[in-house]
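What follows is a pair of complexes built around chain A, which joins chain B in one and chain C in the other.
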Partner chain A sequence: MGNMSFLTLIDPFIRYGFLQRALLAGLFIAVACAVLGVFLVLRGESMIGHGLAHTAFAGVALGLLLDMFPLGIALAVAIMAALLISRIKEGSGLSGDTGIAIFSSVGFALGIVIASLARGFNVDLFAYLFGEILAISPLEVWLSVSLALVVLMTIFLFYSRLVYMTFDRESARASGIRVDRLDALLTVLTAVTVVLGMKVVGIILVSALVVLPAAAGLQVASNFKKALMFAVLNATMSVGLGLLLSYHLDIPASGAVVLLSFLFFGILFVLRKARIFRSF
Partner chain B sequence: MKIKRFSYLIKSIGMVFLSLACVFGVQAKLRIVTSIFPLEEFAAAVVGERGDVSCLLPPGAEIHSWKPRPSDIVRLSGADLFIYNGAGLEPWMEDILRSLNRPRMKTLDAAAGMREFHAGHGHEGHGHGDIDPHVWLDFEYDQILVDRILDLVVELDPQGADGYRLRAAAYKAELADLDEFYRESLKSARGKTFIFGGHAAFGYLAERYGLRQMSLYGLSPNARPKPKQMAGITDFARKNNVKVIFFEQFVSPELARVIADEVGAEIRVLYPGANRTAAQVRERVSFLQLMRMNLENLCHGLIRE
Partner chain C sequence: MVLSESEGAVLVDVEEVTYAYNRIRVLDGISLKIRTGDFLAIIGPNGSGKTTLIKIMLGLLKPQTGRIRLFEKTLGRFTDWGKIGYVPQKATHFDTVFPISVKEVVSLGLTAAGRGMSSKNKADVLVREALARVEMEEFLSHRIGTLSSGQQQRVFIARAIVSHPSILILDEPTTGVDAGMQERFFSILGKLHREENMTIVMITHEVGILDKHFNRVACLNQKLIYHGRHDEFCRSDEFKKMIADGKHVISHTH
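Then we have the complex of A and B:
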């Protein structure tokens, strides 16, 4: 009986290609977001996903205006913004999130102006603002899978340097690690992840996929690797269950995914406060 | 507030020119502004060379998500007659008419008579609640609209009445032909259902010719379709071995294509007709032509359940 109802739950994800694509792309993006998120949250850059997504909005609007692959242009714009944000952070003496704040609003403003120039595609723009899991193309699935693999490989290759830099930036610099290059690498990877995540949960909510699972993982894990694992677990469960709920309850996927992720975060937070388990 | 003051300025300038024109005996052309393209075509068909007819909606814009800009308000403030669709298609309209504050400008609410028309044809009225605003997609109702435009135009410019009447009659005959052509073509069609990956614009048309519209979006394309709805339509398409999924001009064909790929169908366009693309404007594609193209496409994709 339990088996039966489980089958009816997942049945639509077997029958419809568009749901399979949403699930596949969503899960891989979730992994990339969660892994990057742990580094970003520890670095005090929780808002960078938010900032880059808003900047990417300008790229989406431009892509729709020129009738070219909007995701591609968004990707280019977000990567440029990512590099500029790390440049501002290094060079201007302004604190870490100032560059993010500047670029997120400028990007969004640009997007609004470009959208008003074209006047015809507001409906399509909404799909990017709030996510559109029904229209994820096979190409986007492949991009998401390869992106997640690239993120995991990069983290694997630079793992010790990234961890060193995250916990003690100055010593890492003194020991000869090119922290500015690693910064740029991390930010660019975040930009790419966020842009691909846009289609699943939308520009407005994609940063939640970066921050919430990471924050949840950091609540309970006793070491860095476990934090990464918990974050990935939270993110993939939120996306998987969120899409299921979205389908069966007829609620927006983006909202379901983010609320579930927050629920997991809340449970872990309470458990930790109650000292039910201090650390795993 | 600002718009209001601005419109006063424009109006006073307009008054100066108008009085100058009277003094020098210039015959001012009738200025008619419409909100959407079909109403522009109907009005232009009636007034011919004796009037200037223009449409607020710029080429390529989707009416449900369009708002007028300051230059449009200026254009409206010089109009003798403003023809709008009504029934909620132009949510910005009331505010703008109020801020223009031109009680003597004639206005025509195209959808206003639809409920009575509909009830008079033996259809159970939708009773209270909102009516479907896509009234221009009923070609018999369009003939009534042409008559109502004619009445107002004759009132504004009685000297041209004879010409207006002749032209209105000619255009109404074309609408009647179109109606007859639809009826004939669709009578012999074996299928009656079509899957439309756009918003439910073709309700009146479907009802008139006994078709069934299965649309992905509701009455406005601004509300996103739900996954279950996509799944339901995909199931239906699969079961009935559907070969054509229609998409809507001015709404992204993405979702129509997703369904088409899922069931191995092709996609074809349907024109809701409220607007044209810039290219269609250049090629002077008429409303009647758009509707004939719709019929041709429809005939390729009707599904027998």
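Then we have the complex of A and C:
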């Protein structure tokens, strides 16, 4: 009976191509967001995802206006903004937060203006604002999976240096590690990941996909690898179960994914605060 | 065997270095050589440029004038960072909830630029060995935030020595550490100096312990006031005045 219920629950994943595509892309994007999120949260840069997503909104609007692949243009705009934010942090005298806030608001304002110039794509724009993973095209699936793999492989390649820089920036520099280049790399990876995440939960909620799983992992982990593991677990469970809830309860997938991720975070937070366990 | 000062090769050569923060000069024409076998104390009042000098030596700050040579190479050409171990001033001032184990912290010392990648097994052996050298091997899987500051400081030394550097540079490592832990700490450093012939450079405010642990002293206050053997310095009027007045007798000039 239990098996029957479970099979009934996951049956849509077996039967429908659109759900399989959403699950495949969603899981890869979730893993990239979670892994990157751990570095960003520990660097005190939780809001960078939010800022870059707002900047990418201008790219989406431009893509829709020109009728050219909006995700691609959003990617290019977000990467440019990421590199500029890195430069601002390095030598402008403005704090990193200020750079993020400026690009975030200017990007969003630009998006609104472009959207108003070409009336008629409001429905498409809403799909990017609030996410529409269930409508993801096969091309977007492969693009998402490939880019998520590129993000993960890059992090794997620079893993020790990124951990070193995140934990003790000065000692990392004194070891000859070029932390300025790693900063730029991490920001560009964030831009790529955020644009991918937009497809799953939308521009408005994408930073949640980066921050919540990471914050959940940090509640319970005793070492860095476990923090990554718990973050990935939170993110993938949220996407998988979120898609199922979305299908069965007929609610937006983006909302379901983010609320589930918050639920997992909340449970771990309360358990840690109540000292039911300290760390794994 | 520990080499005497005249025998030792020059590992760090500081030549006429000047540095200012917002036009306030903190280092003025500093020249000094650190040689193999030195157990050098860098002393001076707060703001005398001790930490700035160390940061310039390590390439973390660029001097306005002068130059640095590391292992006979100019700083720009030096790539073998595994030869230098560094424990910064605020090493223990990290976020204590940071999820990183003692093992992971020490492994970071193997990522220095210029080092080849170690295999996982070799890295594990090096990490355990480094922790044993600072008497911390039983804490391998502990989260570093759960340790006392004295224990954390020993883990950071393990990170600095895991690549078997020729020189270890420490910036006020005993600040906030109790007397018992401080003694243990110097015993570990002494062992590294004697048994591994590691050159040690340490910024300290504890002038009362100079004659006990160090063989060389550099006294800074913008300019290099003294650089030489510790025993000569300990006999000097300057040192006697320092002891009589407390730790920070050299007045601030900015």
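The rule we apply is simple: the second predicted complex is superposed on the first by the 280 of 280 C-alpha atoms of A that agree within 3 Å, B and C clash if a C-alpha of one lies under 4 Å from a C-alpha of the other, contacts with A are read in each partner's own complex, and residues count from 1 in each chain.
We take it that a contact is a pair of C-beta atoms (placed from the backbone, for glycine too) under 8 Å apart; a residue touches a chain by one contact, two chains touch by 3 or more.
Only a predicted model underlies this, so the values are computations on that prediction, with no experimental measurement involved.
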Fit or clash - chain C, chain B, common chain A: fit
Touching partner for A:S160 - first (chain B), second (chain C), both, neither: second
First (chain B), second (chain C), both or neither touched by A:A135: first
First (chain B), second (chain C), both or neither touched by A:K226: second
Partner chain in contact with A:P12 - chain B first, chain C second, else both or neither: first
Superposition-derived minimum Cα distance between chain C and chain B (Å): 39
Those residues of chain A which chain B touches in one complex and chain C touches in the other: none
Complex contacts: residues of chain C adjacent to chain A: 58-60, 79, 81, 84, 86-88, 91, 94-95, 97-101, 103-105, 107-114, 141, 143, 159
Chain C-touching residues of chain A, taken from the complex the two chains share: 42, 160-161, 163-164, 167-168, 170-178, 217-218, 221-227, 279
Touching residues (chain side chain B, partner chain A) in the complex: 58, 60-62, 64-66, 221-222, 224-228, 230-231, 234, 250-252, 254-255, 258, 261-262
Chain B-facing residues of chain A, complex: 12, 15-19, 118-124, 126-127, 130, 132-135, 246-247, 250, 252-253
